[in-house]
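Chain IDs A, B, C and D follow the sequence of writing; residue 1 opens each chain.
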Amino acid sequence: MKIAFIGLGNMGGAMAHNLLKAGQTVYGFDLSEKALKHFADAGGVVCSSPQQAATEADIVISMLPAAKHVREVYLGETGLLSVMKAGSLCIDSSTIDPQSVKDVAAAAAQKGIAMCDAPVSGGTIGAQAGTLTFMVGADAQTLERAKQVLVHMGKNIVHCGDVGTGQVAKICNNLILGISMAAVAEGMALGAKLGIDPEALAGVINSSSGRCWSSEVCNPWPNISPNAPAARGYQDGFATQLMLKDLGLAIEAAGQAKQPILLGGLVQQLYQQMCLQGNATLDFSSIIQQYLPQQAQG
Amino acid sequence: MKIAFIGLGNMGGAMAHNLLKAGQTVYGFDLSEKALKHFADAGGVVCSSPQQAATEADIVISMLPAAKHVREVYLGETGLLSVMKAGSLCIDSSTIDPQSVKDVAAAAAQKGIAMCDAPVSGGTIGAQAGTLTFMVGADAQTLERAKQVLVHMGKNIVHCGDVGTGQVAKICNNLILGISMAAVAEGMALGAKLGIDPEALAGVINSSSGRCWSSEVCNPWPNISPNAPAARGYQDGFATQLMLKDLGLAIEAAGQAKQPILLGGLVQQLYQQMCLQGNATLDFSSIIQQYLPQQAQG
Amino acid sequence: MKIAFIGLGNMGGAMAHNLLKAGQTVYGFDLSEKALKHFADAGGVVCSSPQQAATEADIVISMLPAAKHVREVYLGETGLLSVMKAGSLCIDSSTIDPQSVKDVAAAAAQKGIAMCDAPVSGGTIGAQAGTLTFMVGADAQTLERAKQVLVHMGKNIVHCGDVGTGQVAKICNNLILGISMAAVAEGMALGAKLGIDPEALAGVINSSSGRCWSSEVCNPWPNISPNAPAARGYQDGFATQLMLKDLGLAIEAAGQAKQPILLGGLVQQLYQQMCLQGNATLDFSSIIQQYLPQQAQG
Amino acid sequence: MKIAFIGLGNMGGAMAHNLLKAGQTVYGFDLSEKALKHFADAGGVVCSSPQQAATEADIVISMLPAAKHVREVYLGETGLLSVMKAGSLCIDSSTIDPQSVKDVAAAAAQKGIAMCDAPVSGGTIGAQAGTLTFMVGADAQTLERAKQVLVHMGKNIVHCGDVGTGQVAKICNNLILGISMAAVAEGMALGAKLGIDPEALAGVINSSSGRCWSSEVCNPWPNISPNAPAARGYQDGFATQLMLKDLGLAIEAAGQAKQPILLGGLVQQLYQQMCLQGNATLDFSSIIQQYLPQQAQG
């Protein structure tokens, strides 16, 4: 089985590495020389273009920054779909809008190529450890084929429905995540200001109806959740600018579907405000700084 | 030990009943004849005024609708503090602003009377079953005395800190709850509109970073969470108008503390919008109807 | 005609001064020695208590910080209504909630005392120049009596309806003002970031459908509106904390009336966020700083 | 001088009509047969493609629904820029994102073709009456050339700055407009609920600091502003879905510029909520219905 991997950055590089460790032959491409060097060091076959990697491949996996890159790579006169063989399979693990996935999948289908979306959660740590969760949008047959390689890169493979629904699941999950993190930030900051010990407050919340992933696993108040970014100055987490990107996808998809998301519309702008203030690369739980006195923000 | 219970409504009445079942003698008062009838049927001693109930009492428990009632009952020339004996204890289980609790506690202290706030979570079902959670604001000694009676009415007794912090914990928890419920409503409605099966979506969320009490235990989409109000037309839950009241306390307390709560300010108004539309008594998870087409709202 | 004036601060002191300049005899009271000194220097008769000032007065004017002060001054066993003579008139120019006005007016009516609310716009400059606008809530007869003294202190006397409606008008106006100022701040900051000259942008807005008092008279971008606080570091304007107070009245009144105000709920918290960051005394147009890069905020 | 006009809908058709009335020869194209029929009846020269219309044209004017149409029409191998002669001028009056304008202008410049953006305000009534306001982004020389034809279609020609700034001005103006309309809706609905006569309230606002175009010219409360859509069931105004489109452009442009617009993010979703409820074609001032009891919404 020939596997091609397009996009060997922090996420894609680690995922490809796990495929190599599992004994697969992987043909890879990235625009970055450094990424290609890492890939080669791990045993990958470096290609000079996406087309070279994808030609004769059974499976093409892509992990790209945004929808426009996915469209560029697959579509168009020189896109991957023009060189891939009939009967092959594309797995796109990028986080993009569902409509772009459907567009690429429709174009692929016309050439007899199967496609599924499989965005991930778990971050760079999960990518390295091979413990990612894949949210897969695919028909049953394509799902089974995709699983053959996804198992080497992740721990959980969740079938969400037809092609595009993997993106829908990720977008909706991260919409709720972005809002609930801000909610916990508001609640923790208010409680502290009103004089309750933050640890006691977190204890109540986490045993009551306010509990959520953001209060339990990634509490924005320092030293409540073990190992959370709040304990290390909000470094090495899920960057605010990435949360902002995902909320942008939610707003865009909601607009296309003519579906209102009131809190979503507001929190997108709150995370944007944080980026404006220079905190784009901090973990998104640093939104709690918006609720603390200015002097504490330095 | 003589116990007085002021406020025998849906919550207070059930709580007093559990005290009676535990073999305690309880002297009760309520403005409602019907409430007094129920109390008498259960073996309670009906009193003609709060003062009559509280005179010579060792412990006075109050469960009242709002801060103004708590202030009226305890303070003033004819308030309970004027008839209670030194060394006695007040436990207020009403949900009110922390400052009012502190004011009453300070007045009580001047008369040698101890006071703690012990607001509850668990609703009328928890009150009847004796499985309430009490969030207690008290010093260590008062906490121990309060526990003697609280154990008959609840399952969890959480010490939050000094007097007033029980209210702080409840307000902050419910602030997060009110926001995260709206977040789940937005995410579920968006996902459904974008074509993912709601049950599959809930599955992803509940095993990922969007999970929260509102997505797991009380999902606003019908028939996701077993026994949730969404399965029964949003009946018999935590009424929207009560959520609105609690958010009002959060806004008020935040204003006194000069602490911004941006999402809190918005969701308070969203729940108010629901009440304007005639849904005040539906469970607050019915906020999802704000995100569904009009025709589906009937 | 004996006039009593209760509350001789920045606003009340200047208003009383204009009455004195118009040849009226004014009996005044304030808790501040400094305020009383100014009042005496201007020819006022200093009293040792509100009661002393109001006894035998034909008209009592009050200008107090909040509803609780108004209630304390007029109501209760020793309140002004207990010493004022039947047939006299109270004019309250404080900005408070409409319900408090109605409560005091009802108590006054029982003693045969007329009452109207007459909150002002125009700020300390208008108070000094005698160019205030009074928004009066009163029946027709009371309005005519009030006008006799209001004309010495203001330029416009607007009849809003029955007692309490003066406050309603002021609250609703300032609600719109607070939101539209934030809207202009967002629009101006966005335009500047997108590369249009702020002066050209303001020109378009002010000749188009975005024009409003906040864009024309008090544009938050520096040096657009002549003499606006933005031109002088946001000093000497309508303090953010006062806007916050008025928005708090709007939220409170809306809550009592069960009326949603979604944007109102959000902007109240935005102004609160500004206060948290140490900008409580700056003009409320400084909200534009929330939309500018951090470094520009110093 | 040969003029080509691409897009002859409600707006473009009326604008082209005014050029014809001024004695110009106009070559037009639209996808709609009906639009072409109207254009021919008014004396226009119907063309079978945009290319046919634009070949040998001195000036091409376009009025298209969205950025993708503008890009399709001008760019690409068979786009207008490939057939237009060097030294000619493009005037795009569509409302689109500033970046698309800049992209088309840059491509035009490479062929020696000048380009300006000139979005309009004034609606279909202004287009028919020839009283539109044009917000023009262009260098000084291009502006002068564009004015030659714009004067036949509009009353005000405002120079906003370099190419793209016309769109920036329109987007920012409509952002403020969309928010201030919602603000007025909140204020008017709150005031009415609190018992003030809406006409009296509007009078106060319009003579005070809350006044804005939305309160004076297009008040959302029925029968306050003469001839406003509120007087005719919100028919024949600026459709909510068009306001939603413009707010979408603001959110998109803000996202590209990494500029937060908090209220903008929220009101976009509020207008989307209105569309979900079936009010997409009503004037955007019908947002006041979100603040009125449900029964009044039918």
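We take it that a residue touches a chain if its C-beta (ideal position, glycine included) is under 8 Å from a C-beta of that chain, and two chains touch if they have at least 3 such contacts.
Computed from a predicted model, the values in this text were never measured in an experiment.
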Starting at chain B, fewest touch steps before arriving at chain D:
1
Starting from the mean Cα coordinates of chain C and chain D, work out the distance between those two points in Å.
39
Let me have the rounded angstrom distance from the C-alpha centre of chain B over to the C-alpha centre of chain C, please.
37
Chain A and chain C have mean C-alpha positions lying a whole-number Å distance apart equal to 51
Numbers and ranges of chain B residues touching at least 2 other chains
254, 259-262, 264, 266, 270, 273, 276, 290-291
Viewed as a graph of touching chains, is the assembly arranged as a line, ring, star, complete set, or other?
complete
Footprint of chain B on chain C - complex, ascending
248, 251, 254-255, 258-262, 264-266, 268-270, 272-273, 275-276
Given the complex, residues on chain D that touch chain C span 98, 121, 133, 135, 156, 158-162, 164-165, 168-177, 179-180, 182-184, 186-191, 193-197, 200-201, 203-205, 207-215, 217-218, 250, 253-254, 257, 259-264, 266-267, 270, 290-291
For the complex, which residues does chain A have touching chain C?
262, 266, 273, 276-278, 290-294
